[in-house]
Every structure is written in C-alpha cells, then in structure tokens.
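Chain nomenclature is as follows: A, B, C, D, E, F and G, assigned in order of appearance, with residue numbering initiated at 1 for each chain independently.
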Amino acid sequence: MAKKSTVTPLHDRVIVKPAAAEEKTAGGIIIPDTAKEKPQRGTVIAAGPGKKDEPVTVKTGDTVLYGKYSGTEIQIDGQDLLIMRESDILAIV
Amino acid sequence: MAKKSTVTPLHDRVIVKPAAAEEKTAGGIIIPDTAKEKPQRGTVIAAGPGKKDEPVTVKTGDTVLYGKYSGTEIQIDGQDLLIMRESDILAIV
Amino acid sequence: MAKKSTVTPLHDRVIVKPAAAEEKTAGGIIIPDTAKEKPQRGTVIAAGPGKKDEPVTVKTGDTVLYGKYSGTEIQIDGQDLLIMRESDILAIV
Amino acid sequence: MAKKSTVTPLHDRVIVKPAAAEEKTAGGIIIPDTAKEKPQRGTVIAAGPGKKDEPVTVKTGDTVLYGKYSGTEIQIDGQDLLIMRESDILAIV
Amino acid sequence: MAKKSTVTPLHDRVIVKPAAAEEKTAGGIIIPDTAKEKPQRGTVIAAGPGKKDEPVTVKTGDTVLYGKYSGTEIQIDGQDLLIMRESDILAIV
Amino acid sequence: MAKKSTVTPLHDRVIVKPAAAEEKTAGGIIIPDTAKEKPQRGTVIAAGPGKKDEPVTVKTGDTVLYGKYSGTEIQIDGQDLLIMRESDILAIV
Amino acid sequence: MAKKSTVTPLHDRVIVKPAAAEEKTAGGIIIPDTAKEKPQRGTVIAAGPGKKDEPVTVKTGDTVLYGKYSGTEIQIDGQDLLIMRESDILAIV
C-alpha cells in the first residue's frame, strides 16, 4: 500500500505513485527493465487544495489514469513519485 | 456492443471506443493491419461532468466523429480506447 | 444539390461540402486531378448551435468562402466533406 | 472604380481590393511583373458587422493601408481581392 | 518639422517618423549608409483613438523611443514612416 | 541555517536557497561536482506579496520542492540562490 | 549617483541603469571587457504609471534585480540604460 506522504502539493498539484510496471508479458515472458512501458496508472498520494474557486476533484487513495509524459518525477522518502497538475489526470478508475 | 466503462473521466474528458477499422476495401481486397487508416468515428463510453458552467454535450452511447490525431490511447479492461477533451469531438452522427 | 446531413456538429463547428473543382481551365484545357486547386468555396451542410452566448451565423444552404487549409476532411455517407470552426469561414457569398 | 461586392464578410473580416501596382518607377522605367512590390494600399469592398460589442470601424469605399503579408487572397467575380481581419488594417488614408 | 499626416491610424496604432540617422560619428567621421544604426527615436505623426476603454497615451508631436524592430514601414506622401502599436513605444522623451 | 535575505521579491516571486547537493552516493562513494544532480529541494528565503487577490502561499522558512529547471540563479550576499514564481513551486515538505 | 531621466516610460515600463560591471575578480585580477558578466542589478531611473488598475511597484532610486536578458538597451543623454517591463524585475534589494 502507498505510504501517506508528508508533502503538501501547492494549488492544483497532485502527487501520484505510479503503479509498478508489469514484470511479465501476457505470455509469461519476463521483460527487461528498459523495455517496460511507463505506466499511466497510479494512486493519488496527496492532492493540493486547488485553485481559487476550483477545488481539486481527486482525493488521496484514488486510482487515476494520466498521460504518458505527464508530471515531474520527484523522490520523497525513497519513493519515486510523480507530481502533476490535476488537469494532467485523465480519469478516475 | 461497447462494454460500460468503470472509469470516470475528469472534467471535460470523454472516453471513446474507436470503431473497428474496415478489414476489406470497397473492392473486397483484405488489407494488412498497417495499411488501415485510423478510424475517426467511435462510440462514447463515458463522459466527464464538464467544466464549471459548461456541462459536456455528448453522452454515453453517442456515435461521434473526431480528428485524426485526437486523444490519448489508454487500455481499460483489455479494450483499446481513446480519452480526449470534448472539444476534440467534431460532431455527433 | 447537397444532401442534408444526419450529422450534428458540436458547438461552433460547421460542415461544408466543397464546390467541385473546375475541370477545365478558362481556355478549355482539361486539367489532371493533381493540378486542380483545392476549392475555397462550398455549401454549408450543417452548423452547430454555437458557443455559449455566441450563436453560429451561417446556416444550412449558405455558400461560403473559407481559407485554403481550413477544416478537417471527413467522409459522411460517401461524400467528402470538411468540418471546420465557424471562425474559419471568411464570408457568405 | 471598385465594383460593389455581393459577398458578406463574417464577423470582423474586411474585403479589400488592392491598388494596382505601379507600372513605372519614378524615373519612368517600366518594371516587369515579378519586380513589382505587392501594394499595401487598397479599397474596402465590404466589411463584416464586427464582433460582439465591437463594430468594425472601416466602411466600404475607405482607402486603407495594411501589412505586407496580411489577408487571404480570394477571387470574386473575376477580381483578385484580399480578405483580412480588421485588426490587419493599419490606417485609413 | 514633421508634416501633419492625412492618414488616420486604426485603434491603438501610432505613426512615427524616425529621426534621421546620425551622419557622423562622435569623432566626426562620415559613416556610409549601411553602417548607420536604425534609429529608435522618432516623432509621433498621428495616433489612433485607442482601444475600447483604453485611449492612446502618446499624441502628435511627441518624441518617442521604440524597440529596434518595432512597426511596419510604410510610405506616405513620400515620407518613410513606421506604423506600430502603442505598446511598441517604450517611452516619451 | 539560511540567512534572512534583505531582498524583497516582487509580486509572486519567491527566493529559494537550494539544499546542498549530496556529496556521497548511497554507497558512500564521493561524486565529483559535475556529476551531482541539481537539487529540487530548498528553503524559502523571501516571498513576495503575491498578485492582486492572490497572496503567496509559501512563507519564509518553508522547505519546498520545485522543478529541475525552475527559477533564475542570483547571487545575494555571497549566497547562490534561485528566484522563481510561486507557480514553479510544486509542494511544501 | 544616477542622473534623473527626462524620459517618461509608458504604462508598466521601467528604465534601469545597470550597475557597473566589477572590474576585478575577488582575487584582484583585472578582467578584460568581454569576460565581464552582464550585471543583473541596477537602479531605477524612471518608472511608468503602470497599467489600468495596476500601478507600478518600484520607484525611482530603487536598486533592483532583473533577469540576464531582460529589457531593451537604449541610450539617453549618453548613458547606457535598459528599459523593461516591471514584470521583468525580480526583486528590490
């Protein structure tokens, strides 16, 4: 389970923990690290308060989908996380 | 028929299931996969609530036309879908 | 005559049927297909409802002029049409 | 004199008939067609109604100056005209 | 003195007569035409009425400073002038 | 500890003192200067008053995360600092 | 001391006299002209009235910091000055 973050995103930013990339292909073949596709699915770890008159819709614990190149990679407490604007989030699963 | 999605698009996003590409040309010749044109027609699987004061116009089940390079490809429950902003949708058929 | 379309453009989009390109030059010489200039004149087949507080000005049946590279080519009921924003339309003839 | 156009420009568009390029230099030398500078002066043939709360300032018959690469070339009733936004017009002479 | 122009700039445009480029360097050496720096100082010949709720600040006769590549060159009554938006004017001397 | 700055940022600017880059890798190997990654973590030294109706959220002493290429490097009282807009700050730790 | 300018910046422009570049390095070595870094610190010589509802914050005499490539170089009364928008000013020292 994703550890609750002690980091507070500013404004409409959201911190997302990307889901672990699948280690095996559908046929059961183990794929090397570089061939793994970056996941586009993750769990919201922390969400900012939103912008003026526009509160953020997602909340901690939501599983979300996001664009392939969305967000900035940051490392907090040893975890590789992404911080992105809520507008980079496409949908809640 | 398109399976109802359990994914909720954020704001003005819409999830569209592209129509299957035509397997045969008008003359009945079977065309290989790479030569098929990406369809620009699909079915709305899920639509977000819209933006502030601007509800989304399309609804689940609508057949829509969209631009050739619109949307981000996502895979949900094994289906290849597109998620796009409603402004990328050109018309309802 | 242009067939009435069963497609409803979204927001401020307009569907235009381009006028047939002239088959002969002024001197009566038949020009091959690739040398024909794309027409910039067409007939409105369908117009969207417009944007909030900004209804669309053109209406079905209007002959309009538009920029050379305006619009997206779509095929509806076997007709090659263009779908564009009303702001791409320059004038009503 | 410029013939009154039967074309109605949309919104803030203006149709301008470019002034004929000078056939002779100041010294009386006749210059070939390709060496003639595109004129930046023309006569307003038709003006649109303007945008919401912003009527168009120029009117049919005005001689106007415009930027070198302004407008789209269109042919109406055999005349080579330019259609441009009023914001491309620099001044009324 | 700058001749009063019969040209009326539209909206927030201003017509400026560039100051003559200095013919001599500080040391009295006459410099050839191509080595002269384009002046960034000129006299306002005519100013438009401004935009909605934003009248133009400069007035005819003001000496103004403007950016090196500001404005469009136009020729009116044999004078080489510049027409620019008031926002291209940096200061009144 | 970060010395209080005598510099007042304008509007929504924030002055940040970047955290010192780690001198050793996790395995204890000392890394040369050029191989050190620019930190993305720092301490707020001074924050501007914000923009009209939008006060700045961060305050002096906050530890913040920011994007890799955010801000302009400035030197104040011998310290290498960054000055950035508050919108470049991703989160408060 | 900076001479009071007789130039009035328009709108939100500010005229800044860059601080003289340091002639010696910390170790006392005299550096040639081309190796001197452009200063990012200067004194406000004149400030415009600001934009509608947004008066300018800096005032004549303020020492300010600005971005490396901010502003346009102008020469007034033999002084090399910079004219920039107030938004290019980062902080008041």
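Going forward, contacts are C-beta pairs under 8 Å (C-beta built on N, C-alpha and C of every residue); 3 or more make two chains touch, one makes a residue touch a chain.
The structure displayed is predicted, hence computed values, not measured ones.
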item	value
Any chain in contact with subunit E as well as subunit F	G
Computed distance of Cα centres, subunit E from subunit C, in Å	44
Inter-centroid spacing, subunit F versus subunit D (mean Cα positions, whole Å)	54
Separation of subunit C from subunit D, taking each centre as the mean of its C-alpha atoms, in whole Å	24
Junction residues of subunit B - those touching two or more other chains	none
Neighbour-by-neighbour ring order, given that subunit A leads and subunit F comes next	A, F, G, E, D, C, B
In the complex, subunit G residues that touch subunit E	6-11, 13, 15, 46, 48, 52, 72, 74, 76, 83
In the complex with subunit B, residue positions of subunit A that touch it	40, 53-54, 57-58, 65, 67-68, 86-87, 89-93
